[in-house]
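Below you'll find the structures, each written out as structure tokens.
Both complexes below contain chain A, partnered by chain B and then by chain C.
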Partner chain A sequence: RGGAGEMLAAAALVLLLAAAPGRAGAGQARGDALREELLLSPLPTGDLAATFQFRTRWDADLQQRGAVSHYRLFPKALGRLVAALGVRELHLALTQGFWRTRAWGQPPLQAPAGAELWVWFQPTVTDVDKAWKELSNILSGIFCASLNFIDSTNTVTPTASFKPLGLANGTDHHLLRYAVLPREVVCTENLTPWKKLLPCGSKAGLAVLLKAERLFYSSYHSQAVHIRPICRDASCLAVSWELRQTLTVVFDTFSSGQGKKDWSLFKMFSRTLTDACPLASESKVYVDISPKNKEKELLEVTPPPPSVHEAIVQGDKRTYAVYDLLNPSLFNTSRSLNVQLKWKRPQDSSELLTPVLHAHRYVSGYGLQTGEISTLIYNTHPYRAFPVILLETVPWYLRLYVHTLTIITKGKENKPSYIHYQPAQDRQRPHLLEMLIQLPANSITKITIQFERALLKWTEYPPDPNHGFYVGSSVLSALVPSVMAMKDVDVEQSPLFTSLFPSSDGSSYFVRMYTEPLLVNLPTPDFSMPYNVICLTCTVVAVCYGSFYNLLTRTFHVEEPSRGGLAKRLANIIRKFRGVPPL
Partner chain B sequence: VCTSRFWFNYRHVANTLSVYRSVKRLGIPDSHIVLMLADDMACNPRNPKPATVFSHKNMELNVYGDDVEVDYRSYEVTVENFLRVLTGRIPPNTPRSKRLLSDDRSNILIYMTGHGGNGFLKFQDSEEITNVELADAFEQMWQKRRYNELLFIIDTCQGASMYERFYSPNIMALASSQVGEDSLSHQPDLGIGVHLMDRYTFYVLEFLEEIHPASQTNMNDLFQVCPKSLCVSTPGHRTDLFQRDPQSVLITDFFGSVRKVEITTETVSLDRDLAGFESKLPKDELATEPLKYAEQLPVAQIIHQKPKQKDWHPPGGFILGLWALIIMVFFKTYGIKHMKHIF
Partner chain C sequence: ITDVLTAVALYLAIQDFNKVVFKKQKLLIELDKYAPDVAELIRTPMEMHYIPLKVALFYLLNPYTVMSCVAKSTCAINNTVIAFFILATIKGSAFLSAVFLALATYQSLYPLTLFAPALLYLLQRQFIPVKLKSKSFWLYTMQYAALYLCSLVVIICLSFFLLSSWDFIPSVYGFILSVPDLTPNIGLFWYFFAEMFEHFSLFFVCVFQINVFFYTIPLAIKLKEHPVFFMFVQIAIISIFKSYPTVGDIALYMAFLPVWSHLYRFLRNIFILSCVLIVCSLLFPVLWHLWIYAGSANSNFYYAITLTFNIGQILLISDYFYAFLRREYYLTHGLHLTRQDGTEAMLVLK
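And then the complex of A and B:
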């Protein structure tokens, strides 16, 4: 074993030396390729969403033992993890902020606030819970996040949502685990290891724009890692592994834009692009210039884009300006690329389109005993109805009353076609509620359920219990009818943001949305009370009992007078002679 | 280790990050640093400049930087986790970055800051660690040979009380104030609205900024940092347990990572044979029929899904007691001979 390792290490050095000057090996049998892409989409409210995607695709089977020992573009930490723990699919997202679907439209890929981890394991894994615990601990070390807090109290096994996004040979939901940590904070310490997983790091290519000071000064920041097996080619007889690292940022007009709606790469990231990553086979910047009303364009992009790409994304035809960083003519005029977007005319509010599906969740009620969780789902399509799966995970300390669950659409009750409810066990399992609801056209569906707040043991409270307790976002998975039918596209030729979800038929597209997380106050004791009680009790005991004890047991004795000093004794002797009683 | 939570304890996080920054600058890699921050100040909603933590007013120096790895954060910073890291008794699944992988040739620097009192240090406003516990943890480390020499720096009120009880050899300790004195903060920043650093650590940071990996400054200079005129408290130190003379101990022994490198002029030639390497790998197994992706929302399949078969357990507890009572009452009333009516 040692000899083989030595030989492989030597061969690895040779490979590294051989591959360094050229592009990613397209001719090698075990090729891996990197594609990087940045999508700038202006949002209806004047903000701008920037989505980075880095996709490393490796034509090797990670699950085969002994097949892989040399890692080139695919990071070794994640490759070893997939092989050792029998992971089929891994999706980890760390998000700060909330995507406002009603104002901004459907996102390409949304994640809930906090940390979300969902994993499909291979059928060969015997103890899925043990592998899940090990996986969350290892990931907490890699990404500097508190994922080790994922345990049975916040893990669920969904039965209808979260179908695998990669190649699947049957979907036994016993192999799926889903957990969300809404309290997780995302900051530079999570971005640093994420950037280190990229083949070029943050030194070349699109990743030079990822500077923490600008990225976290935003309304929404989400970074994710997705690992899944995909078809190696059109015949789909062999498996390749794909690692996608996505980062979505929404820059706010008022905080980053200083009130003006004109955007440029320098204004957003305080940096411009100078070159592509030398290890990437494709490196492109897409700018969404779709006309909203099919009249004139309302966005002007400088420098003028060398090419324009049209694609059907989320059921609608969109136009993109494309800058290819591997094209040497792009850097002819200036050494750096600073894409600037200017609005040609101001937007009026009539142009703001509401998305077909959006949702809103809130908690109502008063006092610290009971409450109600309400979810409103809006279907704004004028004539098409479609189904949606709602997955709610509620922690055990909010005791749900399922008999109060009501689903009302247009004033009438709407019975779900499929409902799965798993009640919570105190301190062991959260509530899981999954429902498949048909949303009629142009309707608002309101789902309400009442709950009661539990009183925790005093050691179970976090150090800042008056902040409240978070309830994770609920997940809505839906097949939304598309405006324009989508054709089957070749994954390798189309931009990365079109191939996130495998598309089945063109009449509808799959979307996964998240609602707001909730912040709920539990009845919190006053933690200084033990000290107060001890002081008060001891005082009361000392004063009351002590006084009674004294009254009952104290006796008075006459004390012998003392002999006195010399003068007194002389006076007593004189008095004795006189026959007078002594002093 | 920063042990304080809440926004107004910004200065403790800035203290810890400035020491972290200095040791990284002097060469210690992240794999050899365990950084514990009890709260997140950089991305706190109250921070007017997100992803930054400043140590000097007018935002001169961002000690958070772009390359920071926090190992224990937020609720993970507890007395139990801290003692487990020191003594090495951690749960088996803990990743490497959260372990203190030291042996008997390692020099360890421990810097702690937060709110403290006479004999204790407060963790996250909910628990304390006492000087006795800390001394015992260091003794466990000594017995397990987890350190060669240990430098302990503490910046809290009455910090000298924390090192009074140490009894293991090879420990040198520094504190920012004596028993009965408070450590004071340095300067507030009106833009951020809180005090940015504590005085003792501010002057230690200034001192460390002048150290470079090859400097020969020794511990006696560190003891002179921050006299009473600058820090209003009196810093203290303890060297009786340390075997070497502080004059001969370099700052870089603890704060930096200085390695002895020997340069050789021999050449090593690598084997350029690549064909042999490729043929050794096993071929991929091809599937017989094309694999396909799963359908994301198979409505028909979901509706007709059979519910998960739960394993049948015999009834226990209340239900068993209830049925036993019913059956007992029945047989008491009607007698055993009526059993034939049931079976």
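And then the complex of A and C:
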């Protein structure tokens, strides 16, 4: 009975929601819509990746001053930010852990370890650096993250890697800024303000699953905010703004599931879904049930999915079980939805598919003076070659020697078709190296560059100096050829995870990958010694000054015989006793 | 090649200098300025015949020179320019010496202090006495200063035209003066500024830079009769206290030591100092390796060797200075000094 009452309330709210756009559409078309979606995909190694996406689309022009004053679904903090600072696109990601591409496959959206922020500004912004500084400070306040450490020493202006993902009129790369803080950690204080930006908060809909004590007990946790302008309709005469909040988390089911690979929503999140967010126009759960080795009956999903959706994602045909939370028949049997997956047979672990493109980066060398950064890029496609853009940002205190840059593929030198290098300036900006490299089919490309470590002033070391300094992940952007032809996706109709990146044609899909961050030790001075060092060095200088002062201001004189002091007289008495001539 | 050029320049310079020294000595003997019993202090042509060769060899065979040559450091070019400057000064050509001094100052700021000894030498050569009221003194000084400044301005403007901006001035001279890069070297500054409190860093940068320049005037007053020795002491001070010293700078002033080998009997601590310098030079690479590669030593070890090495150098220079002044005193007052009552006297600085 209580369930029926809730159902009625939900249905009424949904009806109200459907009527609301009609009411508000009287003056300007102020439609805003929320879609939420959860994608559960079992990974080849037995872990489970859960990707939440909350997409708010608002048909209003935020850039016009004073045009917008009533915020409904779109969070006011972000809307005001976009309007005041002239932001065209904003992408902020906070990540803990590393996505193991070789073992887990390509993620729908990857982010580097730490905090990453890249922003395209409007051409009307005159002082981009000032706007960037203000933006990072405001975002650091909104998300309780130390983004205020973003300054000119870790900001770069890439020229080729980060093209706008939304509508764009021209791409003058001087309006783009990219910064990554690899040392940032993500914790509950960052999750809470992120959840507050959601229209339903964490009280209804898919966001009830976002409980911090389970989310951070995982191998990979990444939460991101993406704001971009999109076409309002097919004719693209007007601009709408889209806000996507994504959260990807990878659970290690072996360690948390007592050695069994079966999982359920309750086991992972310690909650189950009870209803959809009343403000959402769409609320779905997708479970990836693609058969891995052409056998259909490998896994079993309960409750049985009401519908099945097939899509070609990242060049692969995948099948998804769809649970629509707005469908009232879903909660007929039980009040809550607990999706469970059981493996009927243990999966053969030898048939892990390797993704077409993956990379690995490491630092080599011994001692605290020099070192070498090596990046290995693997192209495992059997017959197609494709180019990849590599963006490396190295802090200024690791002095790169660009003349030692070598790129070797299959034993031969591989010359990149485009190189953009901006050397670092001490304490002002980092190194920026961007290259377009052609990867032949079925090959490994090795890129090496040597560097020298600098000695910093003692106040420039972080609190634990012997832990080392982090070098941010390098970014690989590529259009990977796909095995199957992909159709153009209509953003409004298809699941959210297929429309993250705009697709140019059906034969390839866009992938942005990040390598591992590096940890490099620098030589450290002794931190307990400032007073001692000052005293000793000044003593040496004083020795010089003293000797020169003596020699310059005094002249030689013949010594006058003096009676001698007390000590001399005593010594003379002793000498008289000994029979030695006196002093 | 630059090392050979430097050696050749030094050889020719010292040859000329020897001739000058003889002339002066003869003049002073004739004028009876010397005391009667200093015969053994007078320098003879015989002993001075091989000094230029020794100077050249000292420079070429110095392990420091070899090291800086192997490291392909630009210090060799610096040394060559300074050596040519010395040659030009001793030969008496004001124009060439101004040009070379401008070149040397353009590369690193510190040879500016060598303007004073060069001026004093040229004045001596022209027999213009150094009196503040004398008009010819000021005239010559202005001429030389004008030559020097003009050549410096020409070189700087050339650089400006090559680069089409003035950015190189803060990058080159601002870098030398403000010491932003703290890579460990054999000098005193790197660790000092690595451990400096932010509040005082500007103050101490200024103090240390002034320290290099401010010995010029007192030394000029004291050593106005002996400008070449003044030049030697000035080069030594530059190479100890410059912001990024290298062993090549040390090689340059050590090449001059055979010129003053007649001071040997007056040096007080030469044995200890040479031991200190040799031991420290051997310990530098050892402790560097221990700190950076083996990880079993601290930066303090390397810093201590830096301190000791620099103290050794400083005491070496002041020892030579002391010996020089003492010899001058003996020359004018006689070698065997007696007190009023006839006993042997001791000499002290008062």
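Keep in mind that, in the parts below, the second predicted complex is superposed on the first by the 496 of 583 C-alpha atoms of A that agree within 3 Å, B and C clash if a C-alpha of one lies under 4 Å from a C-alpha of the other, contacts with A are read in each partner's own complex, and residues count from 1 in each chain.
The definition used in the following text is that a contact is a pair of C-beta atoms (placed from the backbone, for glycine too) under 8 Å apart; a residue touches a chain by one contact, two chains touch by 3 or more.
It should be emphasised that the depicted structure is a prediction, and the values quoted were computed from it without experimental measurement.
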Which partner does A:Asn148 reach: the first (chain B), the second (chain C), both, or neither? first
Please work out whether A:Val540 is in contact with chain B alone, chain C alone, both, or neither, and reply first, second, both or neither. second
Give the label of whichever partner, chain B or chain C, reaches more residues of chain A. B
Go through the superposed model and pick first if A:Arg427 touches only chain B, second if only chain C, both, or neither. second
Determine, under the contact definition given at the top, whether A:Pro502 touches first (chain B), second (chain C), both, or neither. first
Report for A:Leu353: first if it touches chain B alone, second if chain C alone, otherwise both or neither. neither
Quick check on the superposed pair: does A:His557 touch chain B, chain C, both, or neither? Answer first, second, both or neither. second
For A:Met529 in the superposed arrangement: first (chain B), second (chain C), both or neither? second
For A:Ala84 in the superposed arrangement: first (chain B), second (chain C), both or neither? neither
In the complex, chain C residues that touch chain A: 180-184, 188, 190-198, 208, 211, 215, 218-219, 221-222, 240-241, 291-293, 295, 298-300, 303, 307, 310-311, 314-315, 318, 321-322, 325-326, 329, 337, 339, 341, 343, 345-350
Interface with chain B, chain A side, in the complex: residues 7-8, 10-11, 13-15, 18, 29-30, 60-61, 64, 66-67, 96, 133-134, 137-138, 140-142, 144, 146, 148-149, 159-160, 163-169, 171, 183, 185-189, 192-193, 211-213, 215-217, 231, 235-239, 387, 389, 417-418, 420, 436, 462-464, 477-479, 501-502, 504, 510, 527
Can you name the residues of chain B that touch chain A in the complex? 5-6, 40, 42-43, 49-52, 64-71, 73-76, 93-98, 124-126, 270-272, 274, 277-278, 281-282, 284-287, 289-299, 302-303, 305, 307-308
Give every residue of chain A touching chain C within the complex, in rising order. 366-369, 426-427, 454-459, 523-526, 529-530, 533-534, 536-537, 540-541, 543-545, 547-548, 550-552, 554-561
